[in-house]
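Chain nomenclature is as follows: A, B, C, D and E, assigned in order of appearance, with residue numbering initiated at 1 for each chain independently.
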Amino acid sequence: METTNEPLISIIRYNGSDYNFNASATVDDCLACRNKEGVTWINVNTASDLSLLKSLGESFGLHDLTIQDITNTNHRVKYEDFDRYLLIILKMLDFNTAERSINTEQLSIVFGSNFAITFQEFPGDFFGPLRDEIKIKDSIVRKMGADYLVCRIVDTVVDNYFGTVEDFGEVIEEKEDAVVANPTRETLSSIQSIKKNMMQLRQYVWPVREILSDLSKRGSPLIKESTLAYFRDVYDRVFEAMDMIENTREMVSGMIDIYLSSMSNKTNEVMKVLTVVATIFIPLTFIVGLYGMNFDNMPELHESWGYPAILIFMLTVAAGMLAYFHKKHWI
Amino acid sequence: METTNEPLISIIRYNGSDYNFNASATVDDCLACRNKEGVTWINVNTASDLSLLKSLGESFGLHDLTIQDITNTNHRVKYEDFDRYLLIILKMLDFNTAERSINTEQLSIVFGSNFAITFQEFPGDFFGPLRDEIKIKDSIVRKMGADYLVCRIVDTVVDNYFGTVEDFGEVIEEKEDAVVANPTRETLSSIQSIKKNMMQLRQYVWPVREILSDLSKRGSPLIKESTLAYFRDVYDRVFEAMDMIENTREMVSGMIDIYLSSMSNKTNEVMKVLTVVATIFIPLTFIVGLYGMNFDNMPELHESWGYPAILIFMLTVAAGMLAYFHKKHWI
Amino acid sequence: METTNEPLISIIRYNGSDYNFNASATVDDCLACRNKEGVTWINVNTASDLSLLKSLGESFGLHDLTIQDITNTNHRVKYEDFDRYLLIILKMLDFNTAERSINTEQLSIVFGSNFAITFQEFPGDFFGPLRDEIKIKDSIVRKMGADYLVCRIVDTVVDNYFGTVEDFGEVIEEKEDAVVANPTRETLSSIQSIKKNMMQLRQYVWPVREILSDLSKRGSPLIKESTLAYFRDVYDRVFEAMDMIENTREMVSGMIDIYLSSMSNKTNEVMKVLTVVATIFIPLTFIVGLYGMNFDNMPELHESWGYPAILIFMLTVAAGMLAYFHKKHWI
Amino acid sequence: METTNEPLISIIRYNGSDYNFNASATVDDCLACRNKEGVTWINVNTASDLSLLKSLGESFGLHDLTIQDITNTNHRVKYEDFDRYLLIILKMLDFNTAERSINTEQLSIVFGSNFAITFQEFPGDFFGPLRDEIKIKDSIVRKMGADYLVCRIVDTVVDNYFGTVEDFGEVIEEKEDAVVANPTRETLSSIQSIKKNMMQLRQYVWPVREILSDLSKRGSPLIKESTLAYFRDVYDRVFEAMDMIENTREMVSGMIDIYLSSMSNKTNEVMKVLTVVATIFIPLTFIVGLYGMNFDNMPELHESWGYPAILIFMLTVAAGMLAYFHKKHWI
Amino acid sequence: METTNEPLISIIRYNGSDYNFNASATVDDCLACRNKEGVTWINVNTASDLSLLKSLGESFGLHDLTIQDITNTNHRVKYEDFDRYLLIILKMLDFNTAERSINTEQLSIVFGSNFAITFQEFPGDFFGPLRDEIKIKDSIVRKMGADYLVCRIVDTVVDNYFGTVEDFGEVIEEKEDAVVANPTRETLSSIQSIKKNMMQLRQYVWPVREILSDLSKRGSPLIKESTLAYFRDVYDRVFEAMDMIENTREMVSGMIDIYLSSMSNKTNEVMKVLTVVATIFIPLTFIVGLYGMNFDNMPELHESWGYPAILIFMLTVAAGMLAYFHKKHWI
């Protein structure tokens, strides 16, 4: 995602029968839709152009704090009811394949009875299929109001969470072999970075659950009875996403255990090699040292069978040791 | 469980006096039962045939989202009240002996005042005894309504959880010996896979508790007062299942501790062998080295008792060491 | 506790003035007390004789599910209000000295306005002192109703929990020395078995708290105002028992830490012995090897002071090493 | 604190203008104050003289269970409302410097509209300053009622908790050096004993928070509106005490980590000594062994520079090794 | 921050049109503002001058306990409603770069309908920008009341928390390299000191969340409807700060894992060096010992190729060993 300086505004207006799309609209175009019938979806592809936001805000009667919240792209996921409109702030997530981290983009949704305005940080989004669906005359979205549109937008964002979590799941499975084969500190670092990412994900996804619970249970005059069931459905989806995140976290914890056990295994293996080699050769070295002594009175030294006998004896000792270690599964 | 392409619909109709069973019914047969007296239990042995589900859905007035939830076989366990009918989504679990994992099959139950429809993913289920009971004229189930039938279906599913958890308990006990005798990384992996399975089980069983709490406490016009006590009873059963799962989880945690302690024990044992061998032979090697020195003036070397004396001395040292290690319980 | 096939029914009937005891009553005797004045305490010494339970159940108007709950001796601790009577299911615990585990016996209490029926799994119980108290004409229990009797029965069961937890505390203290002196895998197993037992205890005791909270706070028409304070008192006792259990659990956790630290200490000690021996003798072996070389030109070898000098030098080195290790507290 | 057999009763009676102190009163003296105006503070310096407690109880209309609770000096911290009076059971704590543990003394407070009775286990308490304040005519306590007096008594007890926790904090700081310098199993034991003490403290302090929350929020006819703010203030103090306890617990956890790390460090150090010595001398021993071989054809042996050359070579090897270990920070 | 003995009082008075600033006011000046229109912000640069506080307290009708709370500079963060005024106690935090710890300064805020009094422990604060904003005639703060002023003061304090947490984040990143390169006990100590600081931070920040929740949800007659949204905004900010603290805590936990893994790695490396050296030279030493034996009958010794052959053989063995260790990634 690259930033552009040029703020892009697109307007989609539709009702059961009509459909208009204006790919590069101005604030005045937005204002013109203010009181028209049907649903108006204004998408603003930057959240940093303060003057643009202010004029839009004035047109649609947004509170100063709403403008501030939209501008602050590090804002927490939240939902606020301003009577005439609702503000929902979400995070759109994108798995960064190169760095194996999460790209975050804030999506602020403001919606009233007949309009929905979405503010994105960067151009490019996942709403293509939704836009295509709006073009189809008989689609459900064309028959419903702005509340359903928002429900679908949130649904799209939530659906995207699954993909992000799954991508992490794949990274974890890749790492699993590395952890066993060659556990290095870098492996631990990257496991912990996944853990950190999971925590971040949780921070983004968990409050969405609460938002949807509020929207679907307490309701709001801006949300029709018939749309509530759809919000409840997205609410279920968020729970599924949370389950996936929890499972992934558990996998990461399991990996740290495996990592530590692998480390311990490595030390064990090093120890075993040392022990096997030392235990075989230290006694043998003693024996050869014994017959290296310079005592005058060592009759074995002067027998012709002495040297071969001692060699055979040492071979026997070594073979016995090897058999012992084999029995112990050390070699 | 193998999937078949052919969707199988079976219909059981009964009241206090009559009993009908249609093993391979059509959607029209289902529709015909719509307004008949007594209880109709329609069992659909596939949840993926969308057109079939849609026509059934239309006949029984199911919401689009209900159809979607039934089709999505990865749906979370949940319960939703659609006024005219209730939707319960459960998981039927089956311990896969070969892979020592859980086979999951989604069971969606839709029930209204006089009917219950169950949607299974695959043919084959655990409801044989229940079906047999329905055939018996004087059984309680014949005297009660669709709400009691659903209660019994849920009860059967919950009862089955016990078997699944017990199977895992047995796997754990098998592993316990392996952990002590020969702790390998594979042992750890399989312990952690059991842990993962327990987490999954928890995810399936825990929400059932909530569903039954809702059903038995808040009630619903579709559930008669007299059936509530039975739902409360199943609720108690779910708690017992949760207790079993928690205990099994605790057993798994205990095993990981034992595993780590076994690993540590193994290192210890390797160390002991090295230490015993090295500690006995290193001093002896020093002694034989001593008398291997080439000093002119080493009178012991020229005594006839020198060699036997040094041998006896070394035996004494070795025996002393062995006694010391024996006292320390190292050998 | 041994099972007998013969179900034993005993009936105690009392009021302020009269006292009757029937040690081996029949169901008909029970039925006869149904509507008499005063308090009737029926104790059934088996919970498995279904036909007996059924006829008793019919006489006292018990729900089918109540009979089922009583029969199922693995039932969870619970309390249920059936309007005309209350059902309390508890566990009586007994520390099994031989196996150092808990013997569990289910106690089901059913009580109405003028009767209390207790169902035990096995003959033999802890209610002797309570029965004796009932014999005394001026005791409080004689002045109060069935609700107070039940309160005292529950109190006796709860009091017994203290003894059980204390017995475990003693086992733990015994094990503590073993853990430090000679930590083996068996020690760890037995610590973890205590932990498992504590978890089980918690499962039995924790719900009693909730039952008593419900009974003492919400009340019931079957419990008189004047008895509530006594229930609150038992409630306090359950809290004390929970505190004891938590402390014991903490002790067990502490022991696992000590166990792991002892294991680590053992490895450390083995290492120290190896290091001390190897570090002293390896340099000395080098020195004697040095003078075992066969160079023609090694003038020291031919001096008469050479051998004693090298011996003294080696003693000095060894003494220095020993001093160093002593300073490091390794020997 | 030593127990005396003689129960001591002291009575302080005061109002805005008068002040009476009776250091060794009888039960009759207490009874005489029953209906007098002003505030009566009766302090009973034993809680085990049952007959005394019973007659006092009858005089002031205390429930049998209240008497029982006061007698049971192992009672949990609690608060109970008996309409005509309130019962508060607290623990007075005292750091035992010798054994580095907590001395616990139960303080039961019973208070009504114009009296407060405090029951202590042993003579001697921390209420000296409070008693002195009561003597001063213009002090706040003289202007307020029995509720304020109780508030001050509780405040004194809570203030004392701070001292106790601080004393433990000092013990921990002392231990910290021992943990690093010479971590033994005894160190671990004493750390864990501090942890156990902290758990106990928590058990005593935590319920006080709840008691004060109940007293200050729900109120009681026995507590005047104007006193509520003072109770809230003590409530804040309890929170501060809890924070201190939590911080101390965290310090203890940190110490166990440091302990384990010190253990690991020690093993590491032992290993390093072994490795440095073995790694330097094993290769040198090989070299001297090499020239101890008895081959006929070893020309170096017969050169006059052979011996000095090999000595220089070995010194170089040893120096290189030392440099390597120095670079690795092992020596 | 250095303490001064001279208490400093500054008064800022403003309304939509006027602005007064008195940098060194007296208590009488404060009293004079008591009933004037507009907003009065009195800032007292010491919280320890009791007599000053008392006279101010009397002038503004503060409760004795409020004065006490302000004086006690170790007070817990809290909020209390005294009807005529609200008391908020916060902590201003400052990262101490030298000692890498937190400097804490208590800020007590008392505000009523037309005044706000802030009590600081030391001179010097972060409110410069806020004071500058008040000077600007058209700023929002000039149009709003004392409630908004307090909201801005709290906002400034909360904003400052972010900086403090970020400073710790930087310290952690610095430490991260030290942990990997050279893990010493000092490293562990400093990691744990950061953990302790994070706990402290949590204790200061967490209750602020509750305070703001209370203020923004329940409201108070002293807070206008229009200001509530601003309080909610600060509430969101506190949540963000908490998230940062939690993430930093997680980073610290991760570092302790890395520390332990580094320790383990170090032991491993020491072991490897020992094993490589010992495993190569122990067998070679055996070989040279073999040919140092004094048997008469060792024909190899007398061959001219014997010595070079054995040298070549030993080189081969050593090379084989090195190749093996290279394959195992030990060297």
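Operating definition for what follows: a contact is a pair of C-beta atoms (placed from the backbone, for glycine too) under 8 Å apart; a residue touches a chain by one contact, two chains touch by 3 or more.
Since we're looking at a predicted model, the values are computed, not measured.
The chains in contact with chain D and with chain E alike: there are none. Chains that count as touching both chain B and chain E, per the definition above, are A. Path length between chain A and chain D in the chain contact graph, taken as the least number of steps between touching chains: 2.
Centre-to-centre spacing of chain C and chain E amounts to 43 Å, using the average Cα coordinate of each chain. Per-chain Cα centroids separate chain A from chain E by 27 Å.
Shared interface positions of chain E, defined as residues touching 2 or more other chains, are 264, 267, 271, 274, 278, 282, 285, 289, 292-294, 298.
Taken as a contact graph, the chains are arranged in a single closed ring, with each chain touching exactly two others.
Starting at chain D and proceeding toward chain E, the closed ring of contacting chains reads D, E, A, B, C. Across the complex, chain B meets chain A through its residues 63, 65, 68-69, 74-76, 78, 80, 182, 185, 188-189, 192, 195-196, 199-200, 203, 256, 259-260, 263-264, 266-267, 270-271, 273-274, 277-278, 281-282, 284-285, 288-289, 291-294, 298, 300-304, 306-307, 310. The residues of chain B lying in touch with chain C in their complex are 180, 229-230, 232-233, 236, 239-240, 243, 246-247, 250-251, 254, 257-258, 261-262, 264-265, 267-268, 271-272, 274-275, 278-279, 282-283, 285-286, 289-290, 292-298, 329-330.
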